[in-house]
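Read through the structures below before going on.
Below are two complexes that have chain A in common, paired first with chain B and then with chain C.
Moving on, here comes the complex of A and B:
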């Protein structure tokens, strides 16, 4: 891999992307064995891995639109990397197809006989039914695809022939895009994750899912930047000042995630209505309470304390380790949301949790890498690029 | 004619860049009690002047933690020790319910520390400063860039410092003279 610091392009024979892709496919094939031995476990593990990688892509889409709307200067050097995360998102629609075959294993409401004897499910049936569920997912991905493609195309166009118009257009797309993003992300989390326990509902659930998604995307971004730096790529472009700001954003969203998690728990705990409390009861049964406590400490307290000092935010290696830690806890967060519906009596990790995570991740990361290396690694013709490189936190 | 005391020197610089360079030279020359005045913040000025990082963040952090503890303690004392009441069948020490109050305590302690601490560190409130003896100094809120040196600086020497300020590009270098109020009125 050779990096040209004049054009900001990497010359690569794409061996790396290919290797990641092969690893991903191999892991997916291995997981397929699990489908035949224990299909219920397979689909739950699948859903955890699926929501994890979709959430990273969603966080990327959010970050791109946020950058355009706020007119960020510091974030311009990171924009192409985030855009590549965003572009890997629409392809995840393909991975939804196997899930359709797992509806009966995953979603209680998809059983006609269960609905027949359950008045609550009957009243929810106009929304929670298989055809509408699939149509909704199609709509979410349709919107995400259109937004991502438009923003990416405009950004590439800017590399060729920069005009003011592209910047204006990117902002015009991002404004309504943000609203659509909020609605689709919330409903996607309601559909995919919350409806696993169809009796239970929480209006804040979508925000909780979003908070974790953006944390995941930011951590992914830190990992990629630090890895590129390690390979002598973009060393003078993404400076320690950018890590400092990423650290602050992660810090803010760690608090935001904690705030959402506490708000959701607090109201349900206080009201103590059986149909709501049962959801937390499931997550406090057996060894699940360890996972619940782990989330409070691992996804909130530890990063909260560690990200406070300036010295850690301004240290590339420490940020790299912390980002990996947050990605792990983000995965545990989704695991904690989804898997108690399968293992009621206590937390249980399956080998498929790992293989499906690696499998889908392999596809996701190789796609990300393909988009990243397609052109320049930064928006080279952005009028504020130089300002972004020289950005300083004073 | 009463004796007037020299309390400092004031030099004007033509543009922000010149002020930044001047600040660096002042720092290199080892001055301590000097300050730069500009109508707007100048990037890099903190480094140029060699300012240390403010301890305010630590003060806010510590006080916020104390505030959190105070809120928790208050609620524990009132609802579990001093006057225990059963509320919706929950234990007396229901710490999740204390969260919002403890959070609010944390915020208010942190916010007050930030405002008051900032004032104390900046030696505020202060109603007067020698630089205001200069008539030119009014430009500092419009288009003037100034360096002021106070006589409390160990290196301060009226003549030498004046020459130094002129050497580093200062214009209209003037002495800041302390006059008592009567005399100031006479002069008007």
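Moving on, here comes the complex of A and C:
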């Protein structure tokens, strides 16, 4: 792999992307065995892996729109990487199709006989029914696809013939895009995750899911930049100053995640209404309590303390390790949201949790890599690129 | 749309900024100021008079009865605390986000915060009924071994609002120190010299002093940031920890915070437009500042709208008839008028800010900011009153009607707020001179390096 620091392009025969793709497909094929031996476990593991990688893509989409709306300067050097994360999102729609075959294993409300004897499910039937569920997912992905494609096309167009018009247009798309993003992400999380326990409800759930997603995307971004640096790519472009700011952003969203998690837990705990507390009761049964506590410590306290000092945020290797840690805890978060609906008596990890994570990840990362290496690694013609490179926290 | 206009317009220099802002307090106040002060202080008198009567007669003079035990007093409390959020947001969070445009609005936004929190604090204090034992709210050691209930969100409120007020005051005062020193140096009378001399804490503007000052400011900003989120989160728990449908919902903390910032910015906008007009500050509080604030109003308004939507959807989705009733009752029950005023003012009208033209039209933004102020008061009214007036016991249902004392005290609280604000404008620098100077092009250490450079100020990111 050769990097040209003039054009910001990497010359690659795409061996790497291909290898990742193959690894992903191999892992998926391996997981397919699990489908025949233990289909329920397969679909739950699948859903965890699926929501994990979709959430990374969603975080990317959010970050791109956020950058345009705030007119960020420091983030310009990172924009192409984030855009590539964003572009891997729409393709994940294909991987929703296998889930359709797992509806009966995943979603209690999809059984007609269960609905027949449950007045609560009957009252929700206009929303929670299979056709509408699939249509909704189609709509979410349709919106994400249109937004991502438009933003990406404008950004590439800027590389060719830069005018202010593209910047203006990217902002124009991002404004309403943000509104659509908020609504679709919230409802996607209701549909895919919250409706696993169809009796339970929480108004903050969508925001909670979003908080984790954005954290995931930021960590993914840190990992990618650190990895590129390791290969001597973009070393003079993404500087330690950018890591510092990314660290701050991660710090802020670690707190935001903690705030959302606490709001949800605390209000339900305090009001103590059985139909709400049961959800936390499930997550406190058997060894699930360890996972619950792990989330508090691992996804909040540890990064909160570690990201406080300036020195860690300004250290590439430490940020790299921390970002991997946050990705792991983000996965645990989704595991904790989803799997208690399968294993009621205690946490149980399956080999499929790993293989499906790797499989879906292989596809996602190879797509990401394909988009990233397609053109320049930074928006080369952005009028504020130089300013972004020279950005300093002073 | 790609706005590169500087943050300070006109050919301002360091000394002209000092002159301009100091002169506002040094010359005779404009006629409008006396007029406004007369009006505001009369209203404040109405407030205090009515509070006196309340002490004499009891809380029965308000419209509160069963089942609505929390009437306008609590609505006003939440309303004013909410207004008090913009100041710290501007001074702390925007500072940490390196938003330089905050410099010309932060000072009076912070002052507004303090006065709004003061106005807010009155209501729960008088709502206790027996004001002579209001100190029971504080965990004071006593021989009766009586302690407040630490599990009650009402007690957390006392701490949250108290902390918020203290830290905001410190932050505001720290920011004032260099400017107070300027006032001291410009003072003509002995008394002024003495007062400003004491207040400016021996500030000499030395290099080392500045270094310490900036570090203090940064630390205070960091410390106040969680407070911006915590205060209204705690206020939201007054409602959300209960089991009342319409109150108990998990999105309340962030939703209250967004609403607070929304209403706070609207109030800053209302005041800024008036102040810049009367005192000719158009080149310091520029269209760019107003535009940015309007964007934040739009954003927070959308978050509030998102929360309304979520509450409604989840109420239906829950399948819980009580939840469903609470929301149907809000939108179509006896208080539907209040609900739709809230939705129109908070969600629909701010949508106009999508248009750049409207974001940059003074009359339009003034009117919209007033609408938002109204809408946010109604939001609290809808939350407090609709859920209570039709509770679990239909035989107890009743319609809440405010009395003259409810209305008078609410209007009076505006009097108090504006009296304090007008006094502030009269005696203290309403725009931070030292910080505005910091965003002038001349403040760039390299400004004089290139004499013919066309660089513009205020664009350092």
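We adopt the following convention: the second predicted complex is superposed on the first by the 394 of 394 C-alpha atoms of A that agree within 3 Å, B and C clash if a C-alpha of one lies under 4 Å from a C-alpha of the other, contacts with A are read in each partner's own complex, and residues count from 1 in each chain.
Note that in this section a contact is a pair of C-beta atoms (placed from the backbone, for glycine too) under 8 Å apart; a residue touches a chain by one contact, two chains touch by 3 or more.
Because the structure is a prediction, the values reported are computed rather than measured.
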| item | value |
| --- | --- |
| Fit or clash - chain C, chain B, common chain A | clash |
| Contacts of A:290 with chain B and chain C, given as first, second, both or neither | neither |
| Which superposed partner A:301 touches (first chain B, second chain C, both, neither) | neither |
| Partner chain in contact with A:392 - chain B first, chain C second, else both or neither | first |
| More chain A residues in contact - chain B or chain C | C |
| Partner chain in contact with A:139 - chain B first, chain C second, else both or neither | neither |
| First, second, both or neither for A:270, with chain B first and chain C second | both |
| Chain B versus chain C as contact partner of A:123, first or second or both or neither | second |
| Intersection of the chain A residues that touch chain B with those that touch chain C | 266, 270 |
| Residue ranges of chain A in contact with chain C within the complex | 73-74, 119-120, 123-124, 127, 164, 167-168, 171, 175, 179, 182-183, 186, 190, 199, 201-207, 255, 259-260, 263-264, 266-268, 270-271, 273, 275, 387, 391 |
| Residues of chain A touching chain B in the complex | 262, 265-266, 269-270, 272, 308, 310, 392, 394 |
| Complex contacts: residues of chain C adjacent to chain A | 1-2, 226, 229, 233, 237, 240-243, 248-254, 302, 306-307, 309-311, 314, 317-320, 354, 461 |
| Touching residues (chain side chain B, partner chain A) in the complex | 43-44, 46-47, 53, 61, 88-89, 96-97, 99-100 |
